[in-house]
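These are the structures in question, set out in turn.
Next come two complexes, and both contain chain A; in the first it sits with chain B, in the second with chain C.
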Partner chain A sequence: MQPLLSIRDLSLEFNTFDGTYQAIDRVSLELNPGEALGLVGETGCGKSVLTRAAFGLVPTPPARITSGSVLFNGREILGLSPREQRAMRGRDVALIFQDPMTFINPVFKVGTQLVDAIRAQQLGKVTRKEARDIALNMLDKVQLPNPVRQFESYPHQLSGGMRQRVLIAMALTAEPKLLIADEPTTALDVTIQAQILDLIERLVQDMGISLIMISHDLGVVSQVCSRVAVMYAGQIVEDAPVAQIFDSPAHPYTKGLLAAVPHPFRPEDRLEGIPGSLPNLYNPHSGCRFAERCPLAINRCVEARVAQTEVAPQHMVACIACEGAQIDA
Partner chain B sequence: MLESNPPTPMLELENLRVHFPTKSAVVRAVDDISLKLYPGEILGLVGESGSGKSTVGKAALRLIDPTDGKIRINGSDITDASGKDLKPVRTKAQLIFQDPHSSLNPRMTIGKIVAEPLLIHSQLRGSELAETVSKLLGRVGLPSQFLHRYPHELSGGQKQRVAIARALSVDPDMLILDEPTSALDVSVQAQILEFLKELHDERPRMTSLFISHNLAVVRFLCHRIAVMYLGRIVEEGPVEQVFSHPQHPYTKALLSAVPLPQAERNAGRIHLQGDLPSPVDLPSGCAFHPRCPQAAAGKCDKESPIWVTVGASRARCHFAGDVE
Partner chain C sequence: MGQLIVRRLIFMIFMLIGLMAIVFAISNIAPGDPARLAAGPDATNEMVERLRVERGLDKPIVTRFAVYLSNLAAGDLGTSLHTRRAVVDDLARYFPATLELVLFSIAFAVLLGVPLGMAGAAFQNKIPDHSIRFLAVSGVALPMFWLGLMLQWYLSLELDLFPLGGRLGIMTPRPETVTGMLTVDSLLSGNFGTFQEAVWHLVLPSLALSLPALASIIRVNRAEMLETLNKDYILNARAQGIGPLRIVTAYALKNAILPTLAMIGLRFGWMLGGTVLVEGVFDYPGVGLYATKAAVSSDFDPIIAVTLVLGASFMLVNLLIDLTYALLDPRVRSQI
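The block that comes next holds the complex of A and B.
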């Protein structure tokens, strides 16, 4: 099967006054059609920049892609003209973000914005009237209460959960092949979060859309995704089916992350934080960027790039300590 | 925590109400809340945004004046205390906020920030003051080089440690922590939670009101939990009991909505319909009835439920204690 998205050896740096910040370091990632992948990591690990850079949403300069390729549906999309990129976004790839208010225009009615978005996606081939029907149909699909009334509402009249539903409707009307959801529920309360996660899961399954869900919350990702990639400081350290990540994490960083999360029904006596802080990415060494905080680090960790090892079927780990190891699934 | 003859509560709220009048209506942010915190206890106050939990925290220290009700700290009534009378209260109880970036003055060095409460509340000056400040920084795990740095030079976790050091400077018996780890990454959150736990182990009289929307964090740190919905407490009890046998349908829904690792996901999630109603226009009867999967017409929409005690906890629901 040809992967829908194939990122190979992508590196990206930012030119700043303080020097060159190496945000993404030779990241490779594949996504098959219909797959739901979670991209997990803490603040500043590069999870948002990675997906945005792949689809031309990181301004260059200050950013510069120094190596790698991004194949979408078999076609190289790095280096496409802005016009070609824009045509692809919205129709083939849709994005939704953490704070819907930032991505909805506060001075236009919800309906107007949906109609405009749909007409842009269809390159003006539909009339306003047709676009309105498509929009109302989609608002119904995202279970927005009272779609006809909300069509005439302004964004500030909607609650956070309702705004996120509008954004999801806007993203999915063109029936994209890929949906990128960047922390879509972080700003919401847990009961609303549960509603939105269920909605995303159901819609991507029904419509056969592939999903990349970016989150700092392993629990959220496990609700919706079948595979998880864990990022640390611009590198992917582990990539595995979701059950493998929780049952037999292999990378010391993944283990640390899991040990730091309190469990609501199995209280721990103590939580293990991960001592230390993110490394300086202005002049990083070429090895594993977690080495400075890693309990298992040896000299070889920082000397050269750490290759990925397959420790179980589809379970890839970039860690020297895991080389040659096998985990029973 | 409780003995047969309960000691004086460190914090006691009695029928506390905080209403905010607006042009057109009154927002009933906190509506008839009674709470007792005993020395040594950590009480988790949970609820969704807009439930009034932060208002309770601020009103408890008179940062917001209550509309009605009583506030007692260590037995003394501070409901109507004047500014001057409140000064000694501030040495007993301190607040820590969610976003350490906005609660630390960006133009003051860390040393000055931590020293400020001591300049107001103690006689310490000069080298004695400097020594105390370094000790406080050491206590929260920050090296003394940080004394001369500014807040923007610190990471989120380090800034929250500074806020904790500042709160501890006056040697309080009570901390009110308003979402202290919500802005932090999980690996840093774990360190701060561990630190708070240690602090309580070290000081048996230390009492905390821990305001949070994160149930897992409350389960880890707190002894008791109180669940708020639309300005009221709907359930209260020891964490073990509330987590294993929640009585109120809202608590049940909240617990079932916590995202868990996939292996354990199957335990049927309860779906709440719709959003939190407006605190201006509270639903009749039980405020939760429009979203409640168990609501009975003619009862829940008419009568306000009273407290029902079940074991060591209690809930405000007509059906609390019923065998399902």
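The block that comes next holds the complex of A and C.
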């Protein structure tokens, strides 16, 4: 089976006042049609930049893609012209984002923004009237109460959960092949989070859309995804089926993340995090980027690039301590 | 909305009374005896004193201000010493000219400044942006008075492209007065030759008046556009495949124009003040020139009256700007 999305060796840097920031370092990631992949890692590790850069949504400058390729349905999309990239967005790949408060334009009616998006996705082949019908139909599908009224509303008249439903509707009207959900519930009330997550899961299944669910919350990912890629400081450090990640995590960083998941029997103040913070990536050494925080680090970890090894079927890890190890699935 | 307008208009009246009180007080501290000036150089002391009592100039300043206000309410703004006409009649003649000049200038500054600022942001750090920024920086740096003189010297005296000053050539037929604005009146009477000439006379003074405003509108709008183009909702619009033209001219501009509006209001006020200088340079018969002539002959009624109309115009424009703000931003609208 040909993968739907295949990112190979992608590197990206930002040119800033302080120098060159190596935000993404030789990342490879594959997604099969119909698959739901979770992309996890702490804030700032590069999840958003990676997924946006693949579809031409990171402004260059300041960013610069220094190596790699991105195949979508077997077609290289990194070299496409801005116009060709734009034609793909919304049609082939859709994105929904973290904060429904800031990702929706405050001075245009909800309906206007939906109609604009739909007409862009259909490459201008539908009239405003047709787009309106599509929009209302879609608002119904995302279970927005009273769609006709919300269509005529301004964003500030809607709650956060309602706005996220609007943005989901906007993203999915063209039934794209891939949905990238970039922390879609992080900014919402806890009570709404589960509803929105259920909605995304259901729509994605009904429409047969492949999904990349970005989150720093392993709980969210375990509910929706079948596979998880763990990202640390611009690199993928572990990539495995969801059950493997939870039952037999291999990378010390993944283990740390799992320990940080709140547990009903562990008091709140005893939450074991990972001490330290993300390294600065202006002049990273070529070795393991987690070394400064890793309890197992040895000298060899920082000397050269750590390659990925397969420790079990479909379970890849980039860690010297795991080299040669085999984990029973 | 209607309630807001009424409230603001009432507030404006109080602001104007305050403004007048200040100008009234200043004109009374200023040197020169108004009774003697009014009576003329040949008047005897007796005649001056009689005039002083006649005009109530012997009363305390508070009483005189009260009298002034009640006259104002009756539509009487006093008499000008140097034109020897009622100030109200002078204003009816000169204010439309100034209004026409300022409206032309602000329209020019806004209609050019907003798109240029937008283009500068859309092509950030590319050649169009650099040229636009050059224009913006030089425009801010030039004083209006000097700019007016330079434009006059080069474009009128040297190249003979535009008239030196005034509102129309001597031989040009005047259109029948409806609004007092020559461009409007000439169009209303279908006299296109006069219209063209009126526009021609407006070009240089408008340029002098509007270049500084143009420059700051460009700068503010460019900066606001740049900030807006980095907003999350712009990323979302791009993710939907919406094209760059619509994103820049609608999705970003409608947000970026809001702070720019405040600058436009401010610049309108500067222009009203600037007419005093620019009308002098171009011998343009508006209230600015009228006030200058009054000032040199210690003719106070016109000065107070001009301050009043300019102040009122400024306040009205700011009300208009606030209403536009509400029109563009639904969040503001829902609060009023």
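We take it that the second predicted complex is superposed on the first by the 322 of 329 C-alpha atoms of A that agree within 3 Å, B and C clash if a C-alpha of one lies under 4 Å from a C-alpha of the other, contacts with A are read in each partner's own complex, and residues count from 1 in each chain.
Here is the rule we go by: contacts are C-beta pairs under 8 Å (C-beta built on N, C-alpha and C of every residue); 3 or more make two chains touch, one makes a residue touch a chain.
Since we're looking at a predicted model, the values are computed, not measured.
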Quick check on the superposition: with chain A as the shared anchor, is it clash or fit for chain B versus chain C?
fit
Taking the superposition as given, does A:N105 touch the first partner, chain B, the second, chain C, both, or neither?
second
For A:Q121, is the partner it touches chain B (first), chain C (second), both, or none of the two (neither)?
second
Could you tell me if A:E175 is touching chain B, chain C, both of them or neither one (first, second, both, neither)?
neither
Now for A:A260: first (chain B), second (chain C), both, or neither, which partner does it touch?
first
Per residue count on chain A, the busier partner among chain B and chain C is B
Which partner does A:D9 reach: the first (chain B), the second (chain C), both, or neither?
neither
Just to be sure I read the superposition right, which of the two partners does A:S222 touch: chain B = first, chain C = second, or both, or neither?
first
Can you pull out the angle centred on chain A between the C-alpha centres of chain B and chain C, to the nearest 10°?
80
For A:Q195, select first, second, both or neither according to whether it touches chain B, chain C, the two together, or no partner.
first
With both complexes placed on chain A, how many Å separate the closest C-alpha atoms of chain B and chain C?
11
Quick check on the output: what are the common chain A residues between the chain B footprint and the chain C footprint?
none
Which chain A residues qualify as touching chain C in the complex?
52, 55, 57, 82, 86-91, 94-95, 97, 99, 102-108, 113, 116-117, 120-121, 154, 156-157, 167, 170-171
Residue ranges of chain B touching chain A (in the complex, touch as defined)
48-49, 155-156, 185-191, 193-194, 197, 213, 215-217, 219-220, 239, 243-244, 253-263, 265, 269, 271-272, 274-276
Using the touch definition up top, name the residues of chain A that touch chain B in the complex.
42-43, 145, 159, 161-162, 189-195, 197-198, 216-220, 222-223, 242-243, 246-247, 256-257, 259-265, 267-268, 270-275, 277
Quick one: in the complex, what on chain C touches chain A?
231-233, 235-244, 246, 250-251, 254-255, 328-331, 334
